[in-house]
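You will see subunit A twice below: alongside subunit B first, and alongside subunit C after that.
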Partner chain A sequence: MSIVTVQLGQCGNQIGFEVFDALFNDSHCPRGLCSKRENEAYQASCKERFFSEEENGVLVARAVLVDMEPKVINQTLSKAAHSGLWKYGQHSCFCQKQGSGNNWAYGYSVHGPRHEESIMNLIRKEVEKCDSLSGFFIIMSMAGGTGSGLGAFVTQNLQDQYSSALKMNQIIWPYGNGEVIVQNYNSILTLSHLYRSSDALLVHENDAVHKICAKLMNIKQISFCDINQVLAHQLGSVFQPTYSGEGSFHYRRNPLGDLMENLVPHPEFKMLGVRNIPQMSENSLAYSTFTWAGLLKHLRQMLISNAKMEEGIDWQVRPPLSGLPPLGNMSVNKETRFNTSIANLVILRGKDVHSADVGAFKDPALYTSWLEPVHAFSVWKTQRAFRKYEKSAALVSNSQSLVKPLDMIVGKAWNMFASRAYLHQYTKFGIEEEDFLDSFMLLEQVIASYCNL
Partner chain B sequence: MTQSVVVQVGQCGNQIGCCFWDLALREHAAVNKKGIYDEAISSFFRNVDTRVVGDGGNISKGKICSLKARAVLIDMEEGVVNEILQGPLRDVFDSKQLITDISGSGNNWAVGHKVFGSLYQEKILEKLRKSAEHCDCLQCFFIIHSMGGGTGSGLGTFLLKVLEDEFPEVYRFVTSIYPSGEDDVITSPYNSILAMKELNEHADCVLPIDNQSLFDIISKIDLMVNSGKLGAAIKPNSLVTSSTGVFKKRQEKPFDAMNNIVANLLLNLTSSARFEGSLNMDLNEISMNLVPFPQLHYLVSSLTPLYTLADVNIPPRRLDQMFSDAFSKDHQLIRADPRHCLYLACALMVRGNVQISDLRRNIERLKPSLQFVSWNQEGWKTSLCSVPPVGHSHSLLALANNTCVKPTFIELRERFIKLYKKKAHLHHYLQIEGMEESCFTEAVSSLSALIQEYNQLDATKSMPVEDLPRLNVAM
Partner chain C sequence: MGRRRRRRPDPADAARALPEAIAALSRALPAAPSPETFRRAKFDRPEAAPALWRLLFRVLSPLPADGASASLALEAQARWVKSALRSQGYPRQALVQLPDEGFQGGRELLLALAWLLARGPLPERLLTQSRVRLGDEMPLCECEALASPGLPAPSVEAEGCVDIRHLQWLMGKLRLRWRNLMAGQQEQCALLGQIHAYTRGCHSDRSLGHLSVTETELLRDPKGGRQLLLQLETENARLEAALEWRRRELVFWQWMDTVLDACPPEASLPTFLPRIPKLGAGAAGLLVRELQALQEELREAVEARRAAWQAAVGGHGPEWRAARRALQTAVAQDLAALQRAWEQDEGRSRPHGPCRLVRTEARVPGGPGLWAAGVTEALRAREACLEAVLSQLQSQCRQELARLAGARPGLIWILPPAH
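What follows is the complex of A and B.
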């Protein structure tokens, strides 16, 4: 089954390019650490999901590119075509002349309705090229105007027009310390709308990825390109084909469906995060060896201590003793608290993957009480290695780890809202104070729900 | 991509405008080596086939034939505009884009606003509509004028109302030259205050600039060049003041060099909208992020490093120095000290080989020494444009919505009151039809209200920042 990607705004398009590039490069990576036949099956599966093919064999990404001004899309198209091996469809773009001005209201209320028909037509064309549709992967940022506002509008439309297809939104959380001044307003409006219309929100925080670049990848002058490439690597390790079951020889057919089934058991809890191990520069990779035991131990501790990368993990944090009641409700203000999960999915790729023991993830103490670990935890193991990593593990989790960042955003937005600053920019385009209040209510509810796990 | 139209009004406005077009042409010539008319150039220039008579000559793609500035030149005296039309830029302007008169406004806002306003309203509308028609997607009007005289001040602000009515969706960015303390025009306080009311009510964003600050900056550059310590040498190709390309030591006020600073400001302001980068910032984002309340739309600007404003080849100092300088009071284009006042919002527009980590590192470093209003503690808007200014590796434009503009306004009001109390020169204004004393009193109370807004914000400066109680949700 195929996934149709919708790339929105500058961020969405810049990241989208890196994702397709990473997927393509990985599937054509010579060092698969598996048999030729298996490698070919992997490639075929990846292709079915993400690419269609032209007569001359060039792969075309199953993607629709949307932006309200032309510069970024032009760049994205030419970068892809430059590789000569894959590209975007030349008619898969929708572009306007004037951007959204970092204004969620403009993206949602003006650009949305104005361009609804054109954008949905483009998406429909892409969907028609698929034999069978698994769902949509929408890449957008929260801070700006197009990705956030138009992204929310498009997601709502997808829910109306493709009610049986799944939607996963890849959302980029901006740096806490301002890229855009009104980013907190744009964020709460985006999150509250997506919570109602999307099936899952896969979140990446710029701050966290930036630290990975600095500490693990050792990049001195970090650019957005570096950040996007790390992000693409993480997404690739989640979305590339995996086996459908223990001892199975077929790759999973419905990636989005399987992800949702495992990770979103309840509609109140939709926020997912990704952790990846190991993550390092290619130079260091050549000199490193790993064991599954080591990788999994680190990954588990990253999860429970809410670390976003494998350096600086707090090993003091432990799960509460089983059988005892949980240690009180989680308070957002406590420093390193135990991170309770609702559901976890571990994806292992590489050498001797079947020997990897994930028992420690099945500990009921990691999870909230209303789900059995057998329902809360899944593992997918695949022999075929990912990129140049002999062994790699990804963890997609639905846990409390996003509560603190969410709470901060809501807090800052609330403070600004109380002073009524910038509101005239939103009311100008039909987003009133009640819309803001509705968004605050919904998100406070989400925060409370996650805290009470 | 969008287009912008520059409306230059009065002597000052046209002189600055002329510098702007010179720099813009040279920037695009340096960046666009193949001579293809692309979207970046089209933001400020039309491509015209000069063989075609009349209006049909617009060429939208392909090789550059003849570039025409998207500009409207207005002056009530002929001297400056005539000089432009005889100078090296004569082919860049369409003769149909001009509105001139002979007699001038006599440094009288009322003459500019009321007399010439009504006289030329139709013609102005016609020219503006024409220039708008030539645009695919018009986003912004840049108005350049001075506040102290008669034409720029009076007719320039009359324009704002016309633009607001005729093109309500198009942004109005006004670059206003405020009179310095030792201004030689006696009535400049009257003209400025009357103009301020219009700016308060009809502009989207105002970039106040004063001549004294520009002069101080030029003197600093002069010092850098002539001190000989840093091994400075005259640069052949970069953008500078006059087309002669040589930066001479000047005795009198070097208006040419000063005007170029303002021209550079406009160029850098629009660079992220015209050229690519990893974090673009369009013009509508400036208003969105930097104007938290409609009346507080005055932005203090600074351009660093200074040597990007000169033709000189000074070895680049540390990148971080560029960021530090942006907040120093010596680098602001108006006399203001943002460091010691309260920030409502701040934008950093970087050009050249600078990455997000450099930007973030400097924000972290400088943040503790700056005071932001309680509800906008992280009030930073940033942009990265990959194309540096010609001949340099990087540059930074900082735009601050900061209470440090308040002293300028207070001083202006004081000078006004001094004159008004004595009723000096008032009759020149009152004899104009449509002018009454109430115009003056209304203008000064509009300014007082604005000053009061800034006062209220300043009062919150030393208060501790507390988080407000949040909404309680039932579980």
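What follows is the complex of A and C.
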């Protein structure tokens, strides 16, 4: 089944390119540590999901590119075409000549309705190329102008027009010390709207990925390109093909559907995070060997202590003893806190994957009281190695780890709102104070729900 | 249980014919135990019982056994067999009284099996269920599956309170799984269509015209065809066994008479009482009082309603007559529609169960089988009916919620958005 990606704004388009590039390069990796036949099946599965094929054999990404200015889209198109192996469709882009000045309301109330027909037409053409549609990826930033406002509008439209298809929004969480003054307003408006119309919000935090680049990849001058590549690596490690079940050697046909079924069936809990291990520069790869036991142990502790990378993990954080409630009720201000999960999905790729023991993730102490590990935990595997990593593991989790960042953003936005700062930029284009209040209410509810696990 | 006509048997013949008959039966049924087990069962030997429980489970299941149902514990299977037999009207009390562990009562189980065999063509029905299918098939209706008792579901003990979030999670999971299933089915249809279009003209049977997936696989991978061949050979062997069973079954029934004789006499027609959970005396008294109070309330409400209605009716002459006429015509229309639907179905004598999918351009009127367009039309009509019923139920629910919201002035109710 195929996934159609909608790349929105500068952020969405740059990341989207890196994602397709990573997926393509991985599926055409000559090694992969498995038989030729297996490799071909893996390639075919990846291709069907993310690419369509032209007559001359060149792969075309199943994507629609949207931006209000042409510069980034043109860069993206040419970078893709440069490889000669895959590209974007010539007619899959929509752009205008003007920007939107980081104004969420302008993106949502003006750009959206004005260009609704053109954008949805492009999406429809892409959907028609698919034999069967699994769902949509929508890659967007949360705090910018075009990506966020327009993204919220497009997602709502997708909900209306393709109500039976699944939607996962890849949201880029802005830096805590971001440059855009109104980024917190934009963030809360985006999140509240997406919570209503999307099925899952997979959050990528800029701060976390930045640290990965600095500490693990040893990059001195971190550019957005580096950050996007790390992001693409994480996404690829989740959505590349995996076997459909224990003991099966067929690749699962609908990973998006299976992921959603396991992680976000509850309408109040839609926020997902991704962790990856190991993550390092390709130069260091050749000198490292890992065991599944070691990787899984680190991954579990990363989950519990809410660490985003395998360095600097706090090993003091422990799950609460069974039967006892976690220490105190969750107060957002506590520094090191045990991160309770609702549901987890572990994805293992590489050598001897069938010998990997994930028992530690089935510990009921990791999970909230109302969901047992048999319902809350699932694992996907494939022998085929991901990129150059002999063994790699990814963890997608629905847990409390985003509560603190969310609470911070809501707090800052509320402070601004209380003094009515910059509101005229929004009310000018039809986003009234009630809309802000609705957003605050929804997000406070989300925070409360996650805190009460 | 009916008795077959007695015939004076020749001892030598009987000695040979019976084992052969039982052997044929054992080969004709799926997952049947050896003839030796049957013999042991007559003498009520404990080792015979588990095999017969499993056989009855397999025979009574509405769907062919899959991994999940086959791995059910013997106890669970025994309990399910008892309830399935009871729902089919099995008369013998002794079977119900057998312990669930499954190591006793071989003779009763043998009688139950014979009862099932006597009721209808059991081996043939099972063979139809599990026959090797060469075509791509799609079920036309699910009446058989709907009518039979479902397979036992893992029982979940709700101890005390259940967290509502858990229920919401499960509901959401069910919905998502449903959507995924739909998407998977659509994908399968799209791919089947491609295969059928691609292999047009390849089939030796002109009326079919194209290959099915199984047939395409046979061409693509002849080694895999060996598996299919084995399946066909097994099926053939079972068919032959079934034929042989039909030839020899008389001697089996004579033997079953002796089995029945060996049983202790049963009390006259047992009635199955529903199991009432034990209430304490206090609880029972409370219940009785509550029921009486409810009955009083109902009677008063009915009388009030009737009086009001009669007042309304008595008052308006021509308006009431017009309303009544409108009502009568509406009812007559509904009845006529039902009648038509019934007649249509009867006339066409729709086939049940799975049918082979054939993609064809030729318009062959009056040929065997159905056009997909006709089937989808019938399904759409049924969907419309169900949607109407659903929206009626939803509006009833909404009215009820509104009533509840008004009834308790102290509480603030936040109703779900109507959509």
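Basically, the second predicted complex is superposed on the first by the 451 of 453 C-alpha atoms of A that agree within 3 Å, B and C clash if a C-alpha of one lies under 4 Å from a C-alpha of the other, contacts with A are read in each partner's own complex, and residues count from 1 in each chain.
We take it that a residue touches a chain if its C-beta (ideal position, glycine included) is under 8 Å from a C-beta of that chain, and two chains touch if they have at least 3 such contacts.
Treat the numbers as computed from the prediction; the structure is a model and nothing was measured.
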Evaluate whether subunit B and subunit C can sit on subunit A together after superposition, giving fit or clash.
fit
Is A:Gly411 touching the first partner subunit B, the second partner subunit C, both, or neither of them?
first
Of subunit B and subunit C, the partner touching more residues of subunit A is B
Touch test for A:Leu133: subunit B only (first), subunit C only (second), both, or neither?
second
Just subunit B (first), just subunit C (second), both, or neither: which does A:Asp438 touch?
neither
Is A:Ser419 contacted by the first partner subunit B, the second partner subunit C, both or neither?
first
Quick one: classify A:Arg253 as touching subunit B (first), subunit C (second), both or neither.
second
Just subunit B (first), just subunit C (second), both, or neither: which does A:His375 touch?
second
Which partner does A:Pro267 contact after superposing on A: first (subunit B), second (subunit C), both, neither?
second
Per the contact definition in the header, classify A:Ile181: touching subunit B only (first), subunit C only (second), both, or neither.
first
Please work out how little space separates the C-alpha atoms of subunit B and subunit C at their nearest point after superposition, in whole Å.
12
Show which residues of subunit A both subunit B and subunit C reach, each in its own complex.
none
Considering only the defined contacts, which subunit A positions touch subunit C in the complex?
1, 131-134, 164-166, 253-254, 257-258, 260-261, 264-268, 369-371, 375
Note which residues of subunit C are touching subunit A in the complex, please.
163, 165-166, 168-173, 175-177, 179-180, 182-184, 186-187, 190-191, 194
What does subunit B use to touch subunit A in their complex?
1-2, 39, 136-137, 139, 275-276, 278-280, 282, 284-285, 287-294, 345, 355-358, 360, 363-364, 367, 374-382, 384, 467-468, 470-473, 475
Sites on subunit A touched by subunit B in the complex:
10, 14, 69-72, 75, 97-103, 145, 175-182, 210, 213-214, 221-225, 227, 410-412, 414-416, 418-422, 424-425, 440-441, 444-445, 448-449, 452
